[in-house]
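Each structure below appears as structure tokens.
Two complexes follow with chain A in common, the first pairing it with chain B and the second with chain C.
The block that comes next holds the complex of A and B.
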């Protein structure tokens, strides 16, 4: 008996460690995802919520947000933020649609991507050169890029008729699997490897956590920060191409309501809004969580206003847990 | 019609406030438009074609160097066409347009726009008021200065025609909703289940058109039944709503959606699900959906109003005010049922622009 008690006592720290490990902050989003899926599967048992077709719907709707969330994770990792992503979505899609009218699709794609790369470059140069917060710089470029998108076509939609482009960028599918799923998988793998398995990823977190220390270790802080902002711009432009491919057209209003959803997805996914802690898988799962909540509430028959309230409540609960950890 | 948009929240720190504030004003209003359309104060509707100016009146206006300002609620293709119509009429009348503003659906911004514009001392202001309640205070300084106010669609609380404003010009909302129901019946051969995707906000034009469609389906098309209803506040939501609607109601054969840009998400979702057998009916004209219609996709047809004519009628009503002429309180412009066969003609009629080259090419 005594030996059993001793054995349990001996195990307690180990069990506590296991418990702590299981319930630590970065895993929260995964539990939330499982809980939300189980919850909606139960209450929506009479609908097709838990079906491949519905999950593909969610992926189709969520992938542009997922891509932007991955890019935003890189920006937040170095302690920056990019508010211009929504505007980049629209301008990239419009530039790509206009170039598609006159030449081959790979050139149009390159033109669309150039919008994001250039915006990221300008954002980072201004942030480093003016030494002001990226929040303020990107607030400015958000307006400039959105204005350019409006001026470019005088607010008109541009239809896209190139089948190869639309198939690759959003509309295609292989045996019930949407091409959007492939885009998510590719972005997740590249983003995860870059952030978690490379020296560049370690540098990103070091710069975000303590720039002075990072500098002292010989890390080129400016170069790392600039690369992160360019990644954020590039993923936003890919999101723009995916919207254009999915809708077979581009419009100045694409992506304009996405910024808050992207930031929410990244924050829920465990990335710190103040740098130094980032998770690409968390951002992807965070975006899925947002998409599933949206989808579930619609299938449940909630009105638009009720959906907004329910979404807000769920988000507050989710983020409250994260913020609590940050304060420790 | 004017396209409502979400106000963009600028600061990341306002994340959750922003998520809450995107809520719209309220549910779909039950407006009784089963009778002939009437204005907000019970004024009978007259055709905008009855608003005319004699050569003498035009000559009189030309000698006065009058100025006008266009204080819009938003911007977009539709507003551009209204502006073009107003400018063409003002030019004909020798009235200079000194300012054009876009409140981006923000009533506070519209109040600032009015204050700024008044510095240019316009004699006429054409506007679509964002908030009919606060609009009373917003436009009072203009009225105090003797500026003639002409309203597009939305009334202003407590204001009377030929007093605070000259008149209201708008779409024939009841007619458009009924025509959309007729078109749905044509598309489905008079029989079938319908999905109804409406604008879930307190908005005069869209509420009336949506309700008119619903009433007409119920009262005039017994073979059609609305089996699923979903509301949206942002155009971008319709992709998700349609995906869910079709998943839950695979037997629907037609979808009505409140306006063209919102229909883009519906068409996209149907395409993604391989359900292009489901026919879509909407209001207004847009290139993307027009192309889908020409190519035989889900888009069956649309009901297009005539924004250019609205602009012209508003400009003329402003002139009525300056001349001290009694104005019709509530004027409506016509509309057209647009299908593949007549799109070239109706596009030009509605927007006063030739059919875009890409659509022309697809037609030939």
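The block that comes next holds the complex of A and C.
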């Protein structure tokens, strides 16, 4: 009762306001990042963990995850989720690599992107039309797209020899700075502006926060939700192209283990898994945090298996913090 | 009503409005009008046609037959957008706010002010500063006691949320605000705040159509009560000429209008 009276009087207790500002959920990812870096720096003091070169390397390697996390942020902002992103990575990369064999690289890139755009479109049409959770729809398309990727080349890898393509999509560098940084920067800037600074972003978050109110205010809820799902699919296909460019080839297993990493990165970055609250910068920093943890565990001598356990734990911690906040 | 120097203008007039859903004849020729700045309570039992009538006026379910006149001019209302463009705003009981948005974003949702820079405008870039400024003006006009316009709506009390909804409607130049049970979910003190707000906007020339089950509430804030029964007007009386008991009688059908 006191809190209600206080709110009416417009005077939240001063200390509590300060406390709330410092421990805002949006900042959690930064505190986590500092804690993790300090922890690994201490544990791995005799390695090259705490070095600019290592951090640059982490950001470069994490770029596909970063892009997927930004796209996932849009899907979560409207209250959806896209579980098919990992599968889209593989199929986009394979389609692009196959088309690259027969024609110019821009057409191959368009074909790769088309995979993500189409999957996003199918995901959103099915979600709206069947009126079921996007969780279930994209669980289905995740299987379908992963299966298609396996069938397409009979589990074979497709090498990529086109230098222009590999230079643009991951392998090249400008003045010794990897092109991956350019991709991260562009995606971060576009994503942040779109979500935080524009009418489009406001409508996304409104739809995720209270769809019936958004509808009553005259917002085309279905259109907004469909756009968000298409963005999620598109960023996944760009991630697929970046993997293909970096590895000079495509394989059905690309992106296979990325879904958990992406969701954990977005959740720890302060985006609600239930819509209406989303942070692009949080998703980017969250993806770096995941990259740092991976890197630290490897240097510490842990295997991939322990990394997967760590990712799962991070997701649960992030969700626990988020749910507490959402129920307030 | 405060005396005016001129005859009060009619804000809204409903003539012979009919509406059926399948075989159910929900509205069977409804006639009434609201003058400028008047607060009219719309009463009736469940199924009397209150919601249907409101949906006809707000464009959610257009009327089958009949006329809707605004300031004496006949208008076609086929969608909520039509209603809004004719100055009719609806304040819903609970679906009217985005809980995780601050007050400013709620006031301007889907009516955002864009940047004056043509290039940024093309991107849909928001002018948050201007929206904040106008929000402050809008809330000051309603003497509203919102702690901070940067506060997220979910941290506000029910009465404050309702105040934001009403401010939103009034801020968009509504001549008629339809309120559906605005105090149903509120405590005594909060309801009193909303009532004060209703009287304030009425004194500023905005008409209010108030749907309520609460007779006491209607007696407190309304100038007139319109009672619907079986899709027809059962009574249309000035509040000072009726007792709460008679009003209940009119709603249940125990009493007939004089």
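We take it that the second predicted complex is superposed on the first by the 290 of 328 C-alpha atoms of A that agree within 3 Å, B and C clash if a C-alpha of one lies under 4 Å from a C-alpha of the other, contacts with A are read in each partner's own complex, and residues count from 1 in each chain.
Simple rule for what comes next: a contact is a pair of C-beta atoms (placed from the backbone, for glycine too) under 8 Å apart; a residue touches a chain by one contact, two chains touch by 3 or more.
Please read these numbers as outputs of a predicted model, since none were measured by experiment.
Of the two partner chains placed around the shared chain by superposition, chain B is the only one that A:53 touches, whereas chain C remains out of contact. Ranked by how many residues of chain A each touches, chain B and chain C are led by B. After overlaying the two complexes on the shared chain, residue contacts for A:176 are found with neither chain B nor chain C. Look at A:316: by the touch rule set out above, it reaches chain B but stays clear of chain C.
In the superposed pair of complexes, A:206 makes contact with chain C only, with no contact to chain B. In the superposition on chain A, contact of A:247 is made with chain B only, not with chain C. Residue ranges on chain A touching chain C, taken from their complex, read 4, 7-12, 193, 197-200, 202-203, 205-206, 209-210, 212-214, 216-219, 272, 276-277, 328.
Of all residues in chain A, only 47-48, 51, 53-54, 57, 60-61, 81, 83, 86, 101, 135, 139, 142, 150, 154-159, 161, 171, 173, 178, 246-249, 251, 253-254, 256-257, 259-260, 263-264, 267, 273, 294-295, 298-299, 303-305, 308-309, 311-312, 315-316, 319 touch chain B in the complex they form.
Contacts from chain B toward chain A in the complex involve residues 5-6, 8-12, 15-16, 18-20, 22-24, 26-27, 75-77, 80, 200, 230-237, 239-241, 243-244, 247-248, 261, 264-265, 267-269, 271-273, 286-288, 291-292, 358, 362.
Residues 80-81, 84, 90, 92, 95-101, 105, 109-110, 112, 114, 123-126, 145-148, 154-157, 160 of chain C are the ones that touch chain A when the two sit in their complex.
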